[in-house]
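Labels for the chains are A, B and C, by order of writing; each one numbers its residues from 1.
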Amino acid sequence: MSRMREGGDRVLEVKSGIRDRAGLLAKLMIAPAILYVVAMIGIPFIMAVMYSLSDATTGEPNYRFVGLRNFGAALADPVFRLSLKNTFFFALVSQTLVIILSRVIATALMKEFRGKWLARFLIMLPWTAPISLGTIGWLWMLDSIFSPFDWTFRRLGLLGTPGALLGPMQNLYWLGQPGLAMASVVIVHIWRLLPLATVIQLAGLSSIPKDLLEAAEVDGAKPWRKTLEITIPLTVPIISIAFLFGLVFTFTDVTVVYVLTRGGPIHSTQVLSTWTFFKGIEGGDLAQGAAISLFLFPVLAGVAILMLRMARKREVV
Amino acid sequence: MKSVRKLLRRSGLYTLVGSFAFFGAFPFYWMMIATFKRDHDLFRPENNPFLFNEPPTLDHLRLLLFDTHFLQYLLNTFLIGVAVVIITLIAAVPAAYSLARWARGWGETLGIGIFLTYLVPPTILFIPLSRFASGLGLQESLWSLILIYPTFTIPFCTWLLMGFFKTIPKDIEEQAMIDGLSRLGAMTRVVLPLGISGILTVVVFAFTLSMHEFIYALTFISVSVKKTVSIGVPTELVRGDVFQWGPLMAGALLASIPVAVVYTFFLDRFISGFTMGAVK
Amino acid sequence: MARVQIKNVSKSFGVVRAVDQLDLETGEGEFLVLLGPSGCGKTTLLRMIAGIEEPTVGDILIDGKVVTNLPPRMRNIAMVFQSYALYPHMSVYRNIAFPLRTRGVDKKAIKEKVNWAAGMFGIEHFLNRKPRELSGGERQRVALARAMVREPSVFLLDEPLSNLDALLRASAREELRQFQKRVGVTTIYVTHDQVEAMGLGDRIVVMNKGLIRQVGTPEAIYQWPADTFVATFVGSPPMNILGEGAILTGFRPETFLPADFVKGGDGAVTYPFEVTWLEYLGAERLLYGNVGEKSHARHVVSRLPGNVSLPISAGETYHFAVLRSDIRFFDRESGLRTNRSPS
């Protein structure tokens, strides 16, 4: 409603206020989030790209464009190449195992049994505790002298005596030997991401209507056929989402590697993220660090696209 | 015969679930043992590591609480957490509501866009952000973390909240507007109270996300007193080259368990929010 | 063409008795309807016949064989669920083929049978589509084709028409009945819709709270209800039930007419009928009102055929009557129909 005040200097228009204008209100409400994201993610991202094309260091932060030199230097560096390989290796191996194991747990958790709440709490613990602190627990468990695993192996005669299955030495150097160190990192990744994958798989399994499985039974399907032809196809989208999330978390992880091995021994557990940290932050070579980190981006972008495709694919039942 | 098969299947189930529960919980059991074991017991490789061979002690706890900055770490973490939650709510709640209700074309794209920024990792951002922080004179300050943590809480929480808000029927708001409220009024006085469960979940989630965060804290804070629990425990409980395992495990345990308990309570809500968001 | 026998079957979920000591037997090739309100146990009974639920007590026999402990796939039954339960990720062809594949039928035979079943229900032209691309009626026919492709000996249906809109439901009902007559398979059909039940069933089993109240042909159930529950559940509007003493009187609305129209038989009982409300429904008029003295007024409904043009208005009292032969008596305490009359 608008009214004109006659005889006055000003025309007074009374419109419905901002509180009712849907379009404007919507934009206002999204503004803080958008502004923040642009300022704190968008702009730094562009800056990272610019740094990677420069030769800036913390000592000399002045900008000088040098083209793709940093990327070339990275590819030539054997530590970088090792980090790249490790990043993929840790992510793919750990997540494949996580998907399989989480499927098993989720199937078990679909059933009713006593003490289920306790089981759930314990299974969820690795996810609910801070990553660095859980990893520190593992650091102590994988200690070169005091590991309880080694103690158990020694007691079982698998270690510590000449001719023992695992070797004559007193301890397995979990974090000191390249092969074992890599395995340790993979195990800790599995340990901490299993809960999340389980939760997602549970959601997927619960979303299959009971009807369908009963109809399949009436139609003559034995349990293996039900799983193979009904349960799995219908949960593929959500399994993919769990897999992709897990990939992202392991791909970009710094904490587990840093706390467990600092990237050692001799860079055998170095990953792109930790190498960026060591080179860019601790080492002060901003440009090189930025370049290394950007190698992650294409993979993450690809993962994002896949995730969106999968989310759309969920069958409307 | 049927009952024998049933029994076998049941025990198989318990064994399976038990193993996974064991796998998940064992490190914490380990932390607990180390927390209370005397050094003399702890550092003898021949001793059975799973049991107390000598009576338990409170020494490690004492050292942790009174000789280190652990309590300060907890305080820092708490302050940062609260501040980050507030910032997150201010940005994410209106954005999520707006995107859930009025998304038409550009709204949906924006929503996806915001979620995707979650996938830009700290690894790429921390180098430019560290220049930001030193430029603003914020290095070694809790404020640097308070300003930066929302980069992961806002995208994720907006997405979670979108899912929650979508489950509140539009009818209720329309009814409120007929009953005399403005659009904004309908949102604040009708929808938000209904969405409290979702908002609470987001509060817990944002708080724990900021508590778990490691890499930004490691990058921006090196002064001991200013550290958070997440970086303080792994980096400060070292004398020279030697880890002080007792107090270290105590710190890890104390900081993990309460959060775990609270988080578990909200797990169900979090799951439904997660899957609702995924269904879009 | 098999018979189904239910022997002393009970099913409890914790303390709740969903089905209570039921005995029932179908004829060969019979279309048997399980009718009752939600929660009466009809679906539970159906699921036990299918093998998806196990009875707590009792036995189920199909074709003379005890199947109580056998899983569904060994019972040679087919079932259509209320939601149709079509496999959403499979095409119509693969949906129908599924029950044959689980039995190891070879590809050529599968193709023949699927085409035959699809032809029976007129869905040959969208064998390649997925369920989500089909309408409700089309999905229902796919569910039926999938059920029949194995030529089962017993055919179970759980409210298969309730998801269709009203118009479609009537024609679907007719098609279903004709189909069953042609093929002659023993069919057990669950519904809460008594119009559907009356229209479809050879016999109807009326259930309530886990118990069978009556088994009979539609006519038997309608004209000679076994108790007040059956009398008021079947028939819309339900049978009028009045009386204060130990014996209750009941008569159907269409038998309660203006006294002038009620002649013959053993004579009629008249009532002063004060009409409080009228509904004009075209083919008939429903008159709601009270009979009896003001202090003992009882609410009754009369169903006046449309071609009776007697003017009736609300607020007036008329002389209405019921033929003695149309009156039924029920024992107040047990609800059962009785031959005694109120003295």
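As a working rule, a residue touches a chain if its C-beta (ideal position, glycine included) is under 8 Å from a C-beta of that chain, and two chains touch if they have at least 3 such contacts.
Just so it is clear, the model here is predicted, and its values are computed rather than measured.
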{"item": "Chain groups still in contact once subunit C is set aside, others held in place", "value": "one piece"}
{"item": "Chain whose average C-alpha position is farthest from subunit B's own", "value": "C"}
{"item": "Inter-centroid spacing, subunit B versus subunit A (mean Cα positions, whole Å)", "value": "14"}
{"item": "Distance between the centres, which are taken as Cα means, of subunit C and subunit B, whole angstrom", "value": "55"}
{"item": "Partner subunit B, residues of subunit A touching it in the complex", "value": "17-20, 22-23, 25-30, 32-34, 36-37, 40-45, 47-48, 51, 61, 101, 104-105, 108-109, 111, 113, 118-126, 128-141, 145-146, 148, 151, 170, 191, 194-195, 199-200, 202-203, 207, 238, 241, 248, 251-252, 254-255, 258-259, 272-273, 276-277, 280-281, 286, 289-290, 293-294, 296-297, 300, 303-304, 308, 311-312, 314"}
{"item": "Subunit A - residues contacting subunit C, complex", "value": "209, 211-212, 214-222, 225, 229-230, 233-234, 315-317"}
{"item": "List of subunit C residues in touch with subunit A within their complex", "value": "50-52, 71-73, 77-79, 81, 83, 85, 87-89, 98-99, 102-103, 132, 146, 150"}
{"item": "Complex interface listing, subunit B residues touching subunit A", "value": "10, 13-14, 16-18, 20-25, 27-28, 30-31, 34, 42-43, 45, 48-50, 90-92, 94-95, 97-99, 101-102, 107, 110, 112, 114, 116-117, 119-132, 147-148, 150-151, 154-155, 158, 182-185, 208, 211-212, 214-215, 218-219, 229-231, 233-234, 243, 245, 248-249, 251-252, 255-257, 259-260, 263-264, 267, 271, 274-275, 278-280"}
